[in-house]
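Every chain is named by a letter (A, B and C) in the order it is written, and numbering of its residues begins at 1.
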Amino acid sequence: MNDHLLFTILDLAGTFAFAVSGAVAARDRGLDWFGIITIAFTVACGGGVLRDLCIGAVPPAGLTDWRYLATAVAAAVMTMAGQGLVVRLAHPVTLFDSLGLGLFAVTGAQKALIFGHSAEVAVLLGVVTAVGGGVARDVLLNRVPVILQREIYASAALVGAGIEVAGERLGWVSNGRTWIALLTCFGLRYLSLRYKWNLPRSTGHDDSDN
Amino acid sequence: MNDHLLFTILDLAGTFAFAVSGAVAARDRGLDWFGIITIAFTVACGGGVLRDLCIGAVPPAGLTDWRYLATAVAAAVMTMAGQGLVVRLAHPVTLFDSLGLGLFAVTGAQKALIFGHSAEVAVLLGVVTAVGGGVARDVLLNRVPVILQREIYASAALVGAGIEVAGERLGWVSNGRTWIALLTCFGLRYLSLRYKWNLPRSTGHDDSDN
Amino acid sequence: MNDHLLFTILDLAGTFAFAVSGAVAARDRGLDWFGIITIAFTVACGGGVLRDLCIGAVPPAGLTDWRYLATAVAAAVMTMAGQGLVVRLAHPVTLFDSLGLGLFAVTGAQKALIFGHSAEVAVLLGVVTAVGGGVARDVLLNRVPVILQREIYASAALVGAGIEVAGERLGWVSNGRTWIALLTCFGLRYLSLRYKWNLPRSTGHDDSDN
């Protein structure tokens, strides 16, 4: 299996995992099936759409490639079909969500570089690609985005996008730097979940308010 | 009266109805008059702005055509002028909101096709045009978008945009398919309000949380 | 000191003030340090990013100019470093926030005019530039945008952007009109804070809901 096919499979697996996270959250809020599909699709493609708008790649890939929409609908339908299935899928979903985070951060940064933008833009848009969908999910479901509150999530995306862009600037072999960036982001996120690592908060916060 | 003039009148009537829905919601939340106008304008034009950004039609039509702004301001002023007026207008507003939904779904899909985009993009952006403003209203007023929770609303927009795009692909006469798409969406929405049709929700939701 | 250098300094001072307002709000909500930096950067650059998307200036200046990111990170770090510092900075921050409001409204309108857009688009995007970041902050922190609820804020931005655009159309000297627009917006905002001016609300609002 060549790298391109592998990346495509990982991309769709990450899309699926992101969509499941949206569908589960939407179902728990009591949305109807159309709302569940909408949130699933938004989580899966929202970050990429915002990246594409910022680099002028219109219409955004999330709207033009039917596989993203199909994957999001499939994830929503499976979520609605029963809780049992999702519970059995919980471990793979966490795994794919971490993989998706790394992959979206890396491919988001790559796409900005391919469009000729600077290293700063590429790193920022890598993070936007990876976390934009999750932020949109929480805004639509009327809560403070969980990824801004705690957990190593956006910061893992930042590390992944940073390695990819730094490697490109330093002339590393393309596939090599992509794998390092992807696996570092994935590892950071996955280990932080397993060992409950958190970023420090500042003093003066109000815990009762979250 | 030719079809073009009729569409323009329906477009502004739909804009007015959308703006009233925003102004009423903003007033009930205690916003000042500037906030009420802002929300009215956002509901009326938010979906179209997002569509135009996605197809690269900048600056968005909602910002360049003064009639949309004037219509939104007029709707906001009438809403603030007194509850009595709005109560008397409630039935026409519901009617125009349903018409606006159909019209925005159809014209949003048309615009994407005119810009040369695929059927999938056109259908998705038709729905975005029709429901984007209402989603923005609820996000700004800090609640879960009501159109994602229940009621036949976004799904009616999907049917309308789908008929328009399918008809274009099947070579139907332009005006004929537009009228069928518009009236189907309008009818679905209007009858669902009258007979309180809802889309099914999934199991496992938490009703107390909405 | 020439006007260009002075504007650059005011621009970064306004960015800093906007970023502090975001960082303080994020810290009070208990976000981790990455979330605080994200909100600070969003408040500082969110309005300008939306303006740039609407006029097709991609990638948006907020992403390409590293000084904005550096200023936002510095503001976030200072906010996290201790409440004492922020308390001592409270008065200058209010001052710079009012200056930033005027400056963002004027430069936002200018940029739209430079890109060849109409007076209406320029005024609307001046307001969007000035208040977009604050609206994004409140949406992310899950509350109704305070600038839509009360206080002379967005309306001061409207006056500033309006004077700039009217002056350009009337052929006033560029620097002259910019200073008049900036100082009028700043003065309106600053005096309204000092004397607690508010825009009238409509009847029928629900005070307990804010």
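The working rule: a contact is a pair of C-beta atoms (placed from the backbone, for glycine too) under 8 Å apart; a residue touches a chain by one contact, two chains touch by 3 or more.
Owing to the predicted nature of the structure, the values given are computational and were not obtained by experimental measurement.
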Numbering shared by both copies at the subunit B-subunit A contact, with half separating same from different: different
Between subunit B and its twin subunit C, rotation from the CA superposition, multiple of 5 degrees: 120
Gap in Å, rounded to a whole number, between the CA centres of subunit B and subunit A: 30
Junction residues of subunit C - those touching two or more other chains: 53, 56, 139, 142
Touching residues on subunit A, where the partner in the complex is subunit B: 26-36, 38-39, 49, 53, 56, 58-60, 63-64, 66, 69, 79-80, 83, 139-142
Subunit B residues touching subunit A - in the complex, by the definition given at the top: 53-56, 112, 117-118, 120-121, 124-125, 135, 139, 142-145, 147-151, 154-155, 158, 198-207, 209-210
